[in-house]
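Two complexes, one shared chain (chain A), two partners (chain B, chain C).
== the complex of A and B ==
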């Protein structure tokens, strides 16, 4: 198994035949699709396609389990925001009145539409994270000529976030060993005492920064590129080549996006009036 | 003999500290020599290493007196990056010195900084992974491998830059005995190929068989500087400065103290065994 940003993918997965740039392009473009599609069933179809892609990539789908409670909680929050906290709208169609709260059809419908837009966006992100490593992100950025300094800072930000979490655990365990433990205490107490973790964590981060700077200097690195007055060879990129199928995939994603935009703005497609799911829901709730 | 490193009347005091970290250091290191530097904590060993790599005064503020020259040129006079091409530095905490996301990226990072060509990078990568036995780890994140492997990655990353002198600051302080041994096996190979190596180390059992010369630092000063065999005949001084000698050496020293032995102190277990065999 190869570790990715969010799980593991078997060493034999077909996803390795795809250039990292295509994966990044997929994330950036496909996650935009739901913004131009209001029909929930189409967005749910996109989500299903992404799930199929994950199966094709042989991603361990058990990783998705951690998102189920998040998805449910998010659904409830959106639903409550649009209905219970949706306000009074005399112009809307009243479906029911619960404990004095008016539930309107339009607000309920909009909640469902928003939720079904967010789900495929998250699925796209999860697909990217479960099939890409940090290195893929860097390669994708460098292959489109993003300056080395930018990609390097990005990579180090990814790495340092992990290090801060590790350091936080160390600080917490050290303080627990000295009798300071917030386990079982109220949230207010935890927030008040959080500074007890933050001060040593901050000091530790400063030390890490010093060590890291020393390591960079010792490796002859300078952000100005003055270390060597020659062009920097990008060795890592030599492991990846942008093949014909990568080009076809990028073209397909682009064409699909253009089709969606054309249908949306040229033919008023994906509108709610023609949504089967919304019409069915309306029939039930009326 | 060519002096690769020349330090004359050198003192360094960090800003806002009451006393000098290094006092009046005079030191000459020849090309191809293997030098061990030992001393208690706070003796100034790391400061001396940083001074030779240009991290001091480049990255730290303080007061400097005297000169530190590499190949006859003072460290401050080197353009940024040029000195690091000549002097490679391995730090004690391997994880803190990683600058990339995979072992392979880590190994090529320094070479890319020096502007090496792709064929050259490929060739050196091949050489250094073979030397340090890291080939199977190339695609792994460096922070997910074992402590010993981490330190070998750190060492390999610097070696790949083929510096003229390699300085290791307590490279095995965070390692278990087996990993420690493997790091020293790499250093053994470097010694065989006539590299100039300076090792700051507490693990004397591993260091002694390799070192041509030993330096004792104490309270920021050179308390003793001699060829390895001679150096350890001054065990009284080493003990006084808080140095713990290897068991075999300590055993013969105790015999000397009790007037049971009057010869030279053995440096290694093998030498001690030979002495005991001779006595029997």
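== the complex of A and C ==
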């Protein structure tokens, strides 16, 4: 497993044979699928497929522990939003009354629908973060001819966030060496004292701005004017070629999206009335 | 050397040449980098859900960065939440829909300081007031846009739970802004305004 700025990626994986653009395309298009699907079971199926893709990609599933609290927190917030904060609705079917809080079937159903919609969207993002190295994102951007300056800024931003993290550790150790210790202190105190990290972090970043600029200017880089018009060798792209299987995958993702849109708007598919999970849940809770 | 007045800080002097340079591109990249790290801290440590936090430290980079570096700071303020939200598990399209909120939160303080010729070193009560009011107004816009437009249109919230998210967003930004913005501007502005990276107008 290798650590990247965005997450952890496997050392070796069959997914590395797929062009990085396909992974970016997967993130951008498959994230849209749940927006057009109301049936929770279909959205859960999409999530299961993404989990299978992670296993196939040899992603260490222990990484998912980082995202479990996020998924649970979102679940709780949606549940609270649709039950405790759901309001009074005489037009809805009352399932139960707990401590004066009215739990309606329609609210609970909508909460389940929304949560099952958000889960595959999170899974798609996590799949991307756990299978893409920083370099992959840059290659994907260069492949679609995003201007050099944009790609360069992106690469520099990733590099600088790595440096900020390093700086943060240095600043923290320096503060500790001077006797600064927040152990046992209140959250409010810790938040106030976080300023002690922010000012040196900003100051170091400002100094780095000058260093970076001097290094770039010394190497003849320019983002405007005549020098910027010089055609640059895309060295990184020489290591990646868009193969037939990449084209097939892009076509498959696109076709799948078109099918979903056609089923949704042409045949009124994925509606709640025909949802097996919702009907089953209704039978249980009634 | 005499100290610059607030008027002089924002006015291009006779004979002074200002143009977009490599340093501004580098500044943009570094602001995205620092915003990513600082913003992710807030997103992971104090989450309310869907990228909304009780204490969003990224606001400091958005607002202080845009006051110092103009549109480069505004651009960074729009871009870095994509990264900081992503690592906290916020779906890509929810982050994309937050763009107008992030734009206003970064743009308004930068505009107000330039329009009213406020001193970024916070020398007078007027400077403090301008910063405070822009923090309130821009965060209020963000707080209304995000839960009412974004989260409601994605169907993530009920009407009754929207106030919780509005106050969560507003409070999370304003409290973090109160903690960091004033101190950062007070401590570092005197240095920043003398660097070539400082942006007097919008781009240079």
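As a working rule, the second predicted complex is superposed on the first by the 269 of 286 C-alpha atoms of A that agree within 3 Å, B and C clash if a C-alpha of one lies under 4 Å from a C-alpha of the other, contacts with A are read in each partner's own complex, and residues count from 1 in each chain.
Criterion: a residue touches a chain if its C-beta (ideal position, glycine included) is under 8 Å from a C-beta of that chain, and two chains touch if they have at least 3 such contacts.
Note that this is a predicted model, so its numbers are computed, not measured.
A.B. asks: Which holds for A:32: it touches chain B only (first), chain C only (second), both, or neither?
C.D. replies: second
A.B. asks: Now for A:242: first (chain B), second (chain C), both, or neither, which partner does it touch?
C.D. replies: Touch partners of A:242: none, neither chain B nor chain C.
A.B. asks: Is A:216 touching anything from chain B or chain C once the two structures are fitted on A? First, second, both or neither.
C.D. replies: both
A.B. asks: Once chain A of both complexes is superposed, is A:138 in touch with chain B (first), chain C (second), both, or neither?
C.D. replies: first
A.B. asks: Looking at A:122, would you say it contacts chain B, chain C, both, or neither? Reply first, second, both or neither.
C.D. replies: Only chain C; A:122 stays clear of chain B.
A.B. asks: Give one of first, second, both or neither to describe whether A:158 is in contact with chain B, with chain C, with both, or with none.
C.D. replies: both
A.B. asks: For A:78, is the partner it touches chain B (first), chain C (second), both, or none of the two (neither)?
C.D. replies: Only chain C; A:78 stays clear of chain B.
A.B. asks: Which partner chains sit in contact with A:208 here, chain B, chain C, both or neither? Use first/second/both/neither.
C.D. replies: Both chain B and chain C are touched by A:208.
A.B. asks: Tell me which partner touches more residues of chain A in the superposed arrangement, chain B or chain C.
C.D. replies: C
A.B. asks: Based on the A-chain superposition described above, do chain B and chain C contact any of the same residues on chain A, and if so which?
C.D. replies: Looking at chain A, the two contact sets intersect at 156, 158-159, 162-163, 208, 210, 212-213, 216-217, 221-222.
A.B. asks: Which residues of chain A touch chain C once you look at their complex with the stated criterion?
C.D. replies: 5-7, 27-28, 31-32, 35, 67, 70-71, 73-74, 77-78, 80-82, 85-87, 107, 110, 113-114, 117-118, 121-122, 124-126, 129, 149, 152-154, 156-165, 168, 191-192, 194-195, 198-199, 201-203, 205-206, 208-210, 212-213, 216-217, 221-224
A.B. asks: Could you please specify the touching residues of chain C with respect to chain A in the complex?
C.D. replies: Per the stated touch rule, the residues are 20-23, 25-34, 36-38, 47-50, 55, 57, 60, 64, 79-80, 83, 86-94, 154-161, 164, 179-180, 183-184, 187-188, 191-192, 195-197.
A.B. asks: Along chain A, where are the residues that touch chain B in the complex?
C.D. replies: The touching residues are 2-3, 133-135, 138, 155-156, 158-159, 162-163, 208, 210-222, 226-236, 238.
A.B. asks: Looking at the complex, which residues from chain B come into contact with chain A?
C.D. replies: 50, 53-55, 58-59, 79-81, 84-85, 88-89, 91, 93, 96-102, 104-105, 108-118, 121-122, 125, 139, 141, 143-144, 157-158, 161
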